[in-house]
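Input: a single structure, listed below in structure tokens.
Residue numbering begins at 1 within each chain, and the chains themselves are lettered A, B, C and D in the order written.
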Amino acid sequence: MTFAPPYGAPDGLLHRLRDAAAGRWDAYCWHPFVQQLAEGSLPLPAFRRYLTQDWLFLIQFARAKALAAFKAESLEALRSKASSLNALLSEMQMHLNFCAEWGLSEADVLAELEAPQTVAYTRWVIDRGLAGDILDLEVALAPCTIGYGEIALRIAAHPGRKRVGNPYEAWIETYASLGYQALASGAATRLDRLGETHGGAARFASLSATFSEAARLEADFWQMGLDAKS
Amino acid sequence: MTFAPPYGAPDGLLHRLRDAAAGRWDAYCWHPFVQQLAEGSLPLPAFRRYLTQDWLFLIQFARAKALAAFKAESLEALRSKASSLNALLSEMQMHLNFCAEWGLSEADVLAELEAPQTVAYTRWVIDRGLAGDILDLEVALAPCTIGYGEIALRIAAHPGRKRVGNPYEAWIETYASLGYQALASGAATRLDRLGETHGGAARFASLSATFSEAARLEADFWQMGLDAKS
Amino acid sequence: MTFAPPYGAPDGLLHRLRDAAAGRWDAYCWHPFVQQLAEGSLPLPAFRRYLTQDWLFLIQFARAKALAAFKAESLEALRSKASSLNALLSEMQMHLNFCAEWGLSEADVLAELEAPQTVAYTRWVIDRGLAGDILDLEVALAPCTIGYGEIALRIAAHPGRKRVGNPYEAWIETYASLGYQALASGAATRLDRLGETHGGAARFASLSATFSEAARLEADFWQMGLDAKS
Amino acid sequence: MTFAPPYGAPDGLLHRLRDAAAGRWDAYCWHPFVQQLAEGSLPLPAFRRYLTQDWLFLIQFARAKALAAFKAESLEALRSKASSLNALLSEMQMHLNFCAEWGLSEADVLAELEAPQTVAYTRWVIDRGLAGDILDLEVALAPCTIGYGEIALRIAAHPGRKRVGNPYEAWIETYASLGYQALASGAATRLDRLGETHGGAARFASLSATFSEAARLEADFWQMGLDAKS
């Protein structure tokens, strides 16, 4: 399928990364899990599995943001990352509330073991962030932050989308919201800018491998949800 | 099953870690993959899959050893870790040669994508090493170094072991060799000592969670081999 | 001199660290810079030099707190460190305002080069935090957070303290305030607890070397201020 | 003074870094300590102070090389860094022998406290390496590896150089040797290449700040030697 890139400048780093990883990007952004979310046909156990693992994911994602704050190259960047970390930590409480609406108690969620796919993606991001610089880290994180925004837009554009009676409507609306869309778009703009200041063009082969691997690990994460036993 | 711990002091950290994780430890050290190695019944594609992923594993394992060198708390420790890193890098060439005997060319091996299970275990180890201290890192690495030694002993003790005509004999002998057994035993002794100097008793709950998680991720690694399509 | 330890449990880690480093601790907490602050006799250029370097120090201190958030071993600890990081970033604006009262414009402060003593202490803390675990990092940070609280109490108890017309009264009151004293006392309690859960007793020799080195580097920092040319 | 850059390509990253930091580079490469080495007039206590601190420096330098191995982006790079780490560790024994010739026993050297200048430079390098990528780390290390080579050439070209009866002849010859010159030249070539693959041009402002800061901290290190009390 083709889906026009919704964020970032046409000649910016994000567009180039997305184009170079087109196959994996589509496999992630339009994974059967996503399509079934859009059509309201996803089995409930798959969604519950995803929700609990996403909680465990968010804890590590917050650590990755703390790492980005540590690596910040200016006080302004440090403030921005610290603020973003705190926003994430606030949202995590909402995630637990959302889990509760799906019949997953806080105790259930906290008792869950991390799936290998959760471990793989999160620790790989952290390692990229420690082995590389802030651009390497941001490229590794981009498929999550930016991808979820694009996924919501792809769902909105899907002819087969079910709106009335779709049990996943609240999830979809979270990421389709103006607030989240602005966040994704802002992240894209910052990534493009970071690409300019940090040699994105010269480093493209390496950055592209990182972006593509992140998309692959994100798709594995959806698949882990889909594979949940009922 | 019960298998007497072959390395480390009876009241040392390793024995305690191994006992506390008994279920996962056995699931790793006597995984169906291991049993089938012993009995010579493991499908060849499973072994080939394991071999290629193990190569990718070793690259990250070498990075973890470099990290241990960076974290070394004395010049003596730094020398020891650097020497261990260089020994590993030398052995890696032998691994490629071994792959070649199994019909896996260097190009085949290098073209392989990391399985999620490989990413999960290796990057999790590196993250434990960065988030924690040298003891956290060594505990995360122990199931690999020490576990392979014990696995070879379990295979040797297995009544159903096939020796003649077992295609995996060379692999088994590598880890059953005096050289590897001394390495595993030495690693156990060092871990016990590190436990004493670094508060292993007080930190046991956390260290035990690390050791147990490493055993789980190692068992996932065997399973990934076993799941290989023929 | 003897000054009774104001924070932490009598048999806790902090008291032991403080006792073992008594000479350096006193040399830091009752450095001539501090005594001259108390007596209002510190040359203004020395204080200005300190203030501008302290600004540069705080930027790195914020990075060390981000590192602590990354290393946090629970979501609760992560929230606590992130909150502490944000509080620090807010206070840094006050520091700039305070500098302005001393005739140091924001531009002056931002144009300042880091003194070797500032580089030494801050990067050493960050390295301890990366080489070691959260306890190593907190021990390296303790002389700053906790020491400033004790310094304010030592000043308050100094017979020769000048209150009326002391140009440094505002600085002294900042750290003598109930708010800062509660912060220092809370940090001490957390350090004692961390000592219990992370093997502080077994690791004492190493932790003591860290604490003592931090006190030495803090004393060097005062001396750097005192050495400022007028 | 002007001294033609002896290593690296005329349009490569190293030349640009060196030019942009010309003032500090000269202040480091032709520090009074260096000039007095060349002329044989350096007070012995200054040299002894330098030698003992250099030993402490080398331990941290080895840790920085271990960090470079951890950050290596290919197996080839990992091998190269591990090999370089081992070479350094071997040379460190020679350094102790050299100290012994200067009347500094191993016990003397090991009992020495790190000077603030030693702490500042070494931990700053490590922090740059952790906050940034491999290029940031290599740029931070370059003034040491490459600078010592250039310093030996500047000494050789100095009209006032004393050869006969210069107590520092052995030190000078170490760095003027073909072996060391090849090492410095090779490091320059690798840095230029890393500049190309890692966006050196786009990142020049940041890299230049790193290189310049390293030169400043290296000059402080010489000054620390020169300031030694007799």
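What we mean here is this: a contact is a pair of C-beta atoms (placed from the backbone, for glycine too) under 8 Å apart; a residue touches a chain by one contact, two chains touch by 3 or more.
Note that the coordinates shown come from a computational prediction; the quantities given were computed from them, not determined experimentally.
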Inquiry  = Tell me the rotation angle, 0 to 180 degrees, that brings the C-alpha atoms of subunit C onto subunit D, to the nearest 5.
reply    = 180
Ask   = With chain centres set to the mean of the C-alpha atoms, which chain is at the far end from subunit A?
value = D
Task = Could you compare the number of C-beta pairs in contact for A-B with that for A-C and name the larger?
result = A-C
Ask   = Quick one: subunit A and subunit B, Cα centre-to-centre, how many Å?
value = 32
Inquiry  = Could you work out how far the Cα centre of subunit A sits from that of subunit C, in whole Å?
reply    = 38
Request  = Could you tell me which residues belong to subunit A and also touch two or more other chains?
outcome  = 63, 70, 130-131
Query = Which of line, ring, star, complete or other matches the graph of chains that touch?
reply = complete
Of all residues in subunit C, those that touch subunit A in their complex = 59, 62-63, 66-67, 69-70, 72, 75, 78-79, 81-83, 85-86, 89, 92
Task = Could you please specify the touching residues of subunit A with respect to subunit D in the complex?
result = 70-71, 73, 130-134, 136, 196-203, 206
Ask   = Can you name the residues of subunit C that touch subunit D in the complex?
value = 63, 113, 116-117, 119-121, 123-124, 126-127, 130-131, 216-217, 220
